[in-house]
Amino acid sequence: MTRLCTSVDEAVSGIADGSTVLIGGFGTAGMPFDLIEGLIRQGARDLTVVSNNAGNADTGLAALLAAGQVRKIVCSFPRQTDSWVFEELYRNGKIELEVAPQGSLAERLRAAGAGIGGFYTRTGVGTLLAEGKETREIDGRTYVLELPIAADVALISAHTADTLGNLVYRKTARNFAPVMATAATTTVVQVRHVVEPGVLDPEAVVTPGIYVDRIVRVAAVQGRAA
Amino acid sequence: MTRLCTSVDEAVSGIADGSTVLIGGFGTAGMPFDLIEGLIRQGARDLTVVSNNAGNADTGLAALLAAGQVRKIVCSFPRQTDSWVFEELYRNGKIELEVAPQGSLAERLRAAGAGIGGFYTRTGVGTLLAEGKETREIDGRTYVLELPIAADVALISAHTADTLGNLVYRKTARNFAPVMATAATTTVVQVRHVVEPGVLDPEAVVTPGIYVDRIVRVAAVQGRAA
Amino acid sequence: MSVVSAGVVEHTDRGPLGRDEMARVLAGDIPRGAYVNLGIGQPTTVGDHLPPESGVILHTENGMLGMGPAATGDAIDPDLINAGKFPVTELPGASYFHHADSFAMMRGGHLDLCVLGAYQVSVSGDLANWHTGEPDAIPAVGGAMDLAVGAKQVFVLMSLFTRTGEPKLVRECTYPLTALRCVDRVYTDVATFEITGGDQVLVRETWGMSFHELRSRVDVPLTAATP
Amino acid sequence: MSVVSAGVVEHTDRGPLGRDEMARVLAGDIPRGAYVNLGIGQPTTVGDHLPPESGVILHTENGMLGMGPAATGDAIDPDLINAGKFPVTELPGASYFHHADSFAMMRGGHLDLCVLGAYQVSVSGDLANWHTGEPDAIPAVGGAMDLAVGAKQVFVLMSLFTRTGEPKLVRECTYPLTALRCVDRVYTDVATFEITGGDQVLVRETWGMSFHELRSRVDVPLTAATP
């Protein structure tokens, strides 16, 4: 059942040290800034974070990294011009990095949510990122076996939720959130708006409430994605 | 590029003998009746049809079976009380049957559309439907390897299309259509309404036009899903 | 009215449950707010015993959460059906999705519970419910295998005996299997069972039959639930 | 202005192409109505040369088809960005989808074309564009590997020589690979190449350099395109 939380701190409560935490967003679009700030206050350490990037500038995921709470990051693109927090930690050996092709990252999250034990993809065949991974010929083509990424917690952002946890997003801020919501034991969502059941168009719900455990409404911040 | 056809016959033209044809619908909901009638007129034979059921009563897929155009059917549930056309063909050895768990059928179609060479699922492990299929232990659980189902043609039904081929569906008539649209070389869609680009809400498009090759508008029929 | 013997609640002063009563007993054990899939046939009737205040949200594998009761009259819409292909309705807060998403939901372990019919259930929770195994039977599995492996809990709803009196709770299934070690509870007309994964099945409650009589009629080691 | 020699169109009366001209040449070869993904960096500029009447529909891997030009002023929306994280706009007929759906579209072979930058391309069409291989480089792949294996055609847009004059069209890539045998065409400042899968690379056109001069500067067997 989906719980509507009255504060960000309530929404992120109980995240244990050593957890695997999925963090939505592509760059800053769809990044759950308020939940990350809550996680920094909450203080869980030794985290493995899965997110497309490794933080931008000094807020959001970058602030979580700076707080020293993250042991390892799994992402596709940690090398952005404003990923200086990550870069310093990485160069000083203070954070582990696993790079995955962006599509394999998304599909591995989906697999975890869909009960798929593993899948064969052509992405990465013959490259450094397939080293140590099993390959296989299927129908004359070579594929690499990728395994699911399941997590303890997903922190994501959506535009509007109803009180049953059904979610809709806004434009490209949708990105990883719907698959991450399916791959975590506990999915926590920050939203701009909360409405009663029946307000969202059932044909247009992107994440059904079954995937959502906690919702918290946050204020809109100028120039920042919800 | 998506082509708006002026007739059902144009929409189903060129389907070759021996083709694998995906036919949308769950029972009669979402079944592309007009396209199937077109396929009967068009006359392609020796078809392999992939559809959830094996036809109901004497229309739609059942009529295609009765016309003797189908060599083999791949489905999850051929045993409905009104699947008499299939039953007679089957008992007389005039049609081949491959039964697949409904979820594996849907996922195999998705895999074909998503470039997945194969995937491991727990569904079917230890049952007749996994016989002859490879199994594997992953993380202490047994999985069976399932392979993609790619097709030459998909015949599906949607509610509204724009002229770029973007589709929305109606209620549970959506069912297999979105995954089938991704798994076929040529996807043909019958729709109730055609609108200009920009009319459909970009957040609510279910099948992006990239998956759609031909659209044809058909009249609504009383008591029958679009 | 109820007699407690060896820990089992025994309702021996009345006959076995009717089909509607069986559905009601099972419905009473569904947790508030659970996401539930009701299999086609008898399991569908469990929905009649889930009032709105239960907060239970019904999933139908043909692509919907928030399914409402059967549709009648003008509410019948050929685009809105359940897994048994009967017209149903939509509740506020419903959502639609395609088949791959619907089965990802099932297979990914997100449904709290599914209710299935059965030909046989074994001591270890193996389920046989899709194929009689007769040579001329047309095999048809639908979503049964996906539900059986995917739902967090699997409740079976069935009569305990066949028409010819054979028990359907067995040491080993003789019918073709749907899934291994997947059943958690079995709700029947004469007793409710809990599959524990051991070599015994727990009896929670009986109707029209004592625990001892039940033991004599079922070729499976039965234990009384501790009260 | 153009000289045809050995089948290659040679524009030797002018210098190599500028970055904008390279993008324009490539854009001119994109078929009408194609679904195209433009990689981050220089490939993005190809979009400036695709007028609405081209009917080309742009995909961005962060979840959108029907992407419009860069957003400016009040049209900037932090929720609407391209793969390079720059604000963009939405065209009529656009659609949004999540990352797994977006990459399923790429990996499933549905995009007609993608345009990527490169460190190196080999005779057989191997692509190296994600990692310099230097020990202290932070590896970052993004969606490059998915695009390279998934798009029906891969066009590379790059300068032919490094700043130190090393050709980037090579017999074997020395940089870490992005994907094997995936590149179809290479658009550079001095020539346009076609990878045929054989042991020769086809030269279609040159700028500021003759076919013979090109041959002497690139350590790869080159053939003239048949006119």
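Note that the chains are named A, B, C and D in the order they appear, and that numbering of residues resets to 1 at the start of each chain.
What we mean here is this: contacts are C-beta pairs under 8 Å (C-beta built on N, C-alpha and C of every residue); 3 or more make two chains touch, one makes a residue touch a chain.
Fair warning: this is a prediction, and the values are worked out from it, not measured in the lab.
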Intersection of contact sets, subunit A vs subunit B, gives C, D
Set of chains adjacent to subunit B and to subunit D
A
Let me have the rounded angstrom distance from the C-alpha centre of subunit C over to the C-alpha centre of subunit D, please.
56
Per the C-alpha centroid definition, the whole-Å distance linking subunit A and subunit D comes out as 30
Taking the mean of the CA coordinates per chain, how far is subunit A from subunit C in Å?
36
Within subunit A, the set of residues that touch 2 or more other chains is 107, 110, 114-116, 121-122, 169-171, 202-203, 206
Among the residues of subunit D, pick out those that touch two or more other chains and give their numbers.
90, 96-97, 103-104, 106-107, 149-150
Once the touch criterion is applied, which pairs of chains come out as touching?
A-B, A-C, A-D, B-C, B-D
Subunit A touches which residues of subunit C in the complex?
32-33, 35, 55, 57, 59, 65-66, 90-97, 103-105, 107-111, 149-150
In their shared complex, subunit D is touched by residues of subunit A numbered 26-30, 52, 76-80, 87, 90-91, 97, 99-104, 106-107, 109-110, 121-129, 169-179, 206, 223-226
Complex contact set, residues of subunit D against subunit A:
60-64, 77-81, 85, 90, 96-100, 102-104, 106-107, 131, 136, 138-146, 149-150, 176-180
So in the complex, which bits of subunit A are touching subunit C?
1, 110, 112-116, 162-164, 166, 182, 196-198, 200, 202-203, 205, 208-211
Partner subunit B, residues of subunit A touching it in the complex:
107, 111, 114-122, 136, 138-139, 141, 143, 147, 168-171, 201-204, 206
